[in-house]
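Both of the next two complexes hold subunit A, though its partner changes from subunit B to subunit C.
Up next, the complex of A and B:
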């Protein structure tokens, strides 16, 4: 994949790199202001997430749901809509997978594992279908509906856990454990747990890459996203693409939720997702929808989460710093046009001046 | 004679292009001076320099005999220069008076003095005989009136030199005449006027002197009396242009497209016509008289509320752009930026748009055959003279004319029966316009039909077989191009009362 990157494409990732650089500088300033050593912070962050075998495995396994969420967001970006509902679909997918994992019994693992995963995918798709329908048929505001539905999903899953599938023995709000037959097979268990979802992720990434860049449909999706009206005029069914981009995004989000249930916790914890669905948004935007870059980006985001434990232990920096870093990134992404404008302006100033009137 | 503006040796170097190359340009006090040239000839750049928006790479600017160096439009305004942009810089929600005084408001105790503003604008309006409705909201008044507001804005700021950038692009023929009268009146009280344009009629009717630019260089400055339209065109293009001259009619009896009492919202009213095989049927009318909707109905983009549309003998049941396209119809939409092209994609990809599902561009059904796509692009770029010849460059970076060539190349090369084109020459230079009409004529020779809407009466008269005139959504007449006159069509364009009684 890398070999095909031309100079133009390299130039197009420049703003993303610049954003990350500015973020690092800003975080350092914040850390300095709170009296912490930023260099030590980044070293600890690195040591915690990539420095040890255990940390590395943790990081990779955390990156999976984040990356699937990023793919879900990227699908929507590609056709020109903004999918902020991944978090809700992920939670709902986890619920679906937990129900299939608990109630389907006495099945061999080879059937139960995919069936429970499919339960997650189905729940994710269904949960994405409603806002999609409202957007396409009723012209509802997609962003508002998605944000509302994120909250709904969280509260609804809490309700289902408490009312229907609660584990009375558990200290926290959590469901009964799922059947052993629904556990995702492990690649390794020591020094850290890594399940086969990594392979699922790689398969999905390859599929998306081929779909985006090699097929007629990928071409039509690009036309749809860059200029939907022109795509409409040329006879491309843009509504269909938007519909399926959102529903398949729901499927990916649901899959991410199912992987968390079947591969990490083996039960449904209330509030198990620290916001994987939201992590996907800056990753997809920074990666310009390229699956390879999204995988790298997800590793970095996962590293933040894993490494922040180490920084907390070593330096006493609260884990909340992760949220601060993400906040800074999102803000900078929102300023991307402005950053580009500044860069362009400083480049052309000498040649010809343009004043706004 | 004194010069109001003198620009000497102006050179403007942009990173990629030299927009102006050692241009000398001078305007006498109290004259109407037309600055003409094709798109991309450097007219706007030159005027933006005069208006202080750009600093030239080299050269000097004198206003009223004094050497000046403007750093912003404010400097230019203070020196008595006003500019009316092609796209009006008005705030639609505010009143005419508020728009006129905006940025130079009369004040009372540091606050905006609404009464005084209204009074001053009314005085101004009376002084120049503008009949401005000072209290009306700008979005409610006609485009012609909005342009007057723009001119009033310049006059309110005491401008003596007024630059008008493509002032007639949005005006009806009547409004163009009114503008002409207004300019003459401003001239009579000593104002200097520069109009940037490429429309021959206005150049000849309005101006005292003409300066022609071509490819960033000045070609000549002449007195309007001592030249004619053909000569100016030749200066602009660098060679003789004969739009539609010597064209033959390939019209046959077979009907390719028929509208039967078609209505769409309040835009198209009971329209019936037949487009014959090998024929170019023009649609003439004032802007926004239903031409856009008629072409979009024919292309399957819109669905009629009532009536029948018959393509190739078969009534259209499902209106879909895809199906009409697949039946062999090419469509060049009016707004190429919004509807015709994806500016953020390469020329190569745009030459494919709408045809990506053809078997030749597919590999094992789902994959895009990149080789075929680039072969297609190389072929089209060569045959349709698209510049630059780099097929991977973003379409948004092409000039208007070349963008339009991309659309026309794509649509005409795959149309087997019919090309529907809505204002294909809009914002396109003469060279490209000529090429586009040549392509249409060649298509007719092969037995295809062309439905062509245009606001340029001269073009439509020159290149079509028959002309259908529309007014307020009604068809007011269908006439033979060879037997009609400008005046006859002009009458029909404003006469919606006669409606349609012709079905031929």
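Up next, the complex of A and C:
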């Protein structure tokens, strides 16, 4: 029994490990082809992200929005749909939080901070509503709508920044700074800035855990994802759950955007997100919806983002390598069936050999 | 005055339709064979980059077009390997290839040229050989020769899909691969052919048109949603050559409107808001869509070879 359990566990983790391994090999090949040293690249990545105290704190604070987007993707994954609109919802949420942060004035921080966070959440939810509605009522291809909405969000937020809330004193396209009362409180400011968003993240993780494992709604939601048809026949309203999974995903994405505005930049920069929403996709899919793995995965991706600055300075490798890594991971996840087949075959072969001995 | 505006708009409309239409026709073959292709954007950008790199190193734009086709075929080959051979998840594969191509092209662009934008290379923006035709010669020579190739492509794809055995086989494979296999069609070979060769080549043409047929350089993310518009055009055109071309013309119109409004800016609208027009058009047309019976029934359903069954 024990052996069987560990074997099943191995089978569920092995594909993800294989995917990461193949991705590392492929990236090394790409780096070699462009004349860079892959070993030095990974060492620089590590040095930049975990090597110094400052880098470590930077990595942790970057991991928060990435992890929230991973949760958003995983939530949709749980009911069997694929949410790639997180990036757009994140940008829109940041917009909402910036507006609430700028225009609500003379409020005490204890009210203003949650209010501005809520502004982000609301905007994220609203932005997730249209694609969800289109998917449920019109059966439109969710992914196509989401991709269009992502592009739309970026253009629209640029428009709002330039036309309505631009800071004329700023050199780059950015909004006016938000009110001091909407700043997220800091835990520490030196050697790096770390705000209380880490605790928000942990609270969200606990809420999600309780929701999925301790409530009926969570159980029914899981049933939708495992077998939607069977869930439908047994009287679970699958459409309702799909709708709520996507809209709550929008809320999480909006929260991530709000945290970036209120905790990191204190204003809304045009193009502030280098693709946090897309980072969430490979993380959620590779970690089999396990919240703990997702946190580790977000730390790794944040390390990639922080460390890529170091590699850019030290080796001249462009930061676009992060997008390449994302792409390779997602493409490999698509072959999940084949990789599971390889994993299963290699496991059974090993077992067979042991038996002959 | 209005005649001039109308003429500019028409020329602009035809020019901007070409990449969407070519890509949409490629996608039509792909989806007719039962493989969803969300990687259109990635295939196009690979082609656009390949065209410029090929032209930069050989000096001949036609060799650039060839490189473009090869680059797109590599991307579509990966898609077909994953979705046809390995029975992978087609939507995720397409999405991953989009991200990978966008990232890899700008990464390579930065490592070769050190910026996100390539230097100007030789291009094929006008068709000089039409110049001597009286009356319409001037009008015809405004378009790239690649645009004329894509006009030929329309007729060829219409012919293949509605008049040949190959077209019937493609439809059969996309509707019911099991029955098609029983009838003696090699399902996987035909799907590989549709995805890698047909879709890849057309994506390469579309990409080459974007970079060296319209402009003379490559820029990061220069496809700007055109691949997705092509995907929508195929669905809204109900997988039928004529309607797909009509939908591509519609999206081309919105793209042209956007471009003209940005250049003239008679209405004094912020350029960012004008740029949203094609996306809004795409989303609104999707809102109006309904599930049709023309849907290839095996679309997105992987058909796995027996030897890979777990």
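In this section, the second predicted complex is superposed on the first by the 330 of 357 C-alpha atoms of A that agree within 3 Å, B and C clash if a C-alpha of one lies under 4 Å from a C-alpha of the other, contacts with A are read in each partner's own complex, and residues count from 1 in each chain.
FYI, contacts are C-beta pairs under 8 Å (C-beta built on N, C-alpha and C of every residue); 3 or more make two chains touch, one makes a residue touch a chain.
As the structure is a computational prediction, the values presented were derived from the model and not from experiment.
S.K.: After the superposition on A, what does A:108 contact: first (subunit B), second (subunit C), both or neither?
M.R.: Neither: A:108 stays clear of subunit B and subunit C.
S.K.: Determine, under the contact definition given at the top, whether A:227 touches first (subunit B), second (subunit C), both, or neither.
M.R.: A:227 sits against subunit B, while subunit C stays out of touch.
S.K.: Who wins on subunit A residues touched, subunit B or subunit C?
M.R.: Counted on subunit A, the partner with more touching residues turns out to be C.
S.K.: Who does A:168 touch here: subunit B (first), subunit C (second), both, or neither?
M.R.: In the superposition, A:168 touches no partner, neither subunit B nor subunit C.
S.K.: Based on the superposed arrangement, let me know which partner A:328 touches: subunit B (first), subunit C (second), both, or neither?
M.R.: second
S.K.: Applying the touch criterion given at the start, work out whether A:337 contacts subunit B, subunit C, both or neither, answering first, second, both or neither.
M.R.: Second partner only, subunit C.
S.K.: Taking the superposition on A as described, I'd like to know which of subunit B and subunit C A:214 touches: first, second, both or neither.
M.R.: In the superposed model, A:214 contacts subunit B only, not subunit C.
S.K.: Between subunit B and subunit C, whom does A:318 touch in the aligned arrangement: first, second, both, or neither?
M.R.: In the superposition, A:318 contacts subunit C only.
S.K.: Which residues of subunit C touch subunit A once you look at their complex with the stated criterion?
M.R.: Those residues of subunit C that touch subunit A are 38, 78, 82-83, 86-93, 95-104, 106-108, 110-111, 224-225, 228, 231-232, 235, 270, 272-273, 275-276, 279-280, 282-283, 286-287, 289-291, 302, 304, 308, 310.
S.K.: Quick one: which bits of subunit A touch subunit B in the complex? Just the residue numbers, please.
M.R.: On the subunit A side, the touching residues are 214-220, 222-223, 226-227, 229-237, 348, 351-355, 357.
S.K.: Going by the contact rule at the top, pick out the subunit A residues touching subunit C in the complex.
M.R.: Touch list, subunit A to subunit C: 30, 34-35, 82, 84, 130, 134, 138-141, 143-145, 147-149, 151-152, 155-156, 158-159, 162-163, 278, 281, 285, 317-318, 320-338, 340-341, 344.
S.K.: Once bound in the complex, which stretches of subunit B touch subunit A?
M.R.: These residues of subunit B touch subunit A: 12-15, 52-55, 57, 71-73, 89, 301, 320-323, 325-326, 331, 333, 338-345, 349, 352-354, 356-357, 361-362, 366-368.
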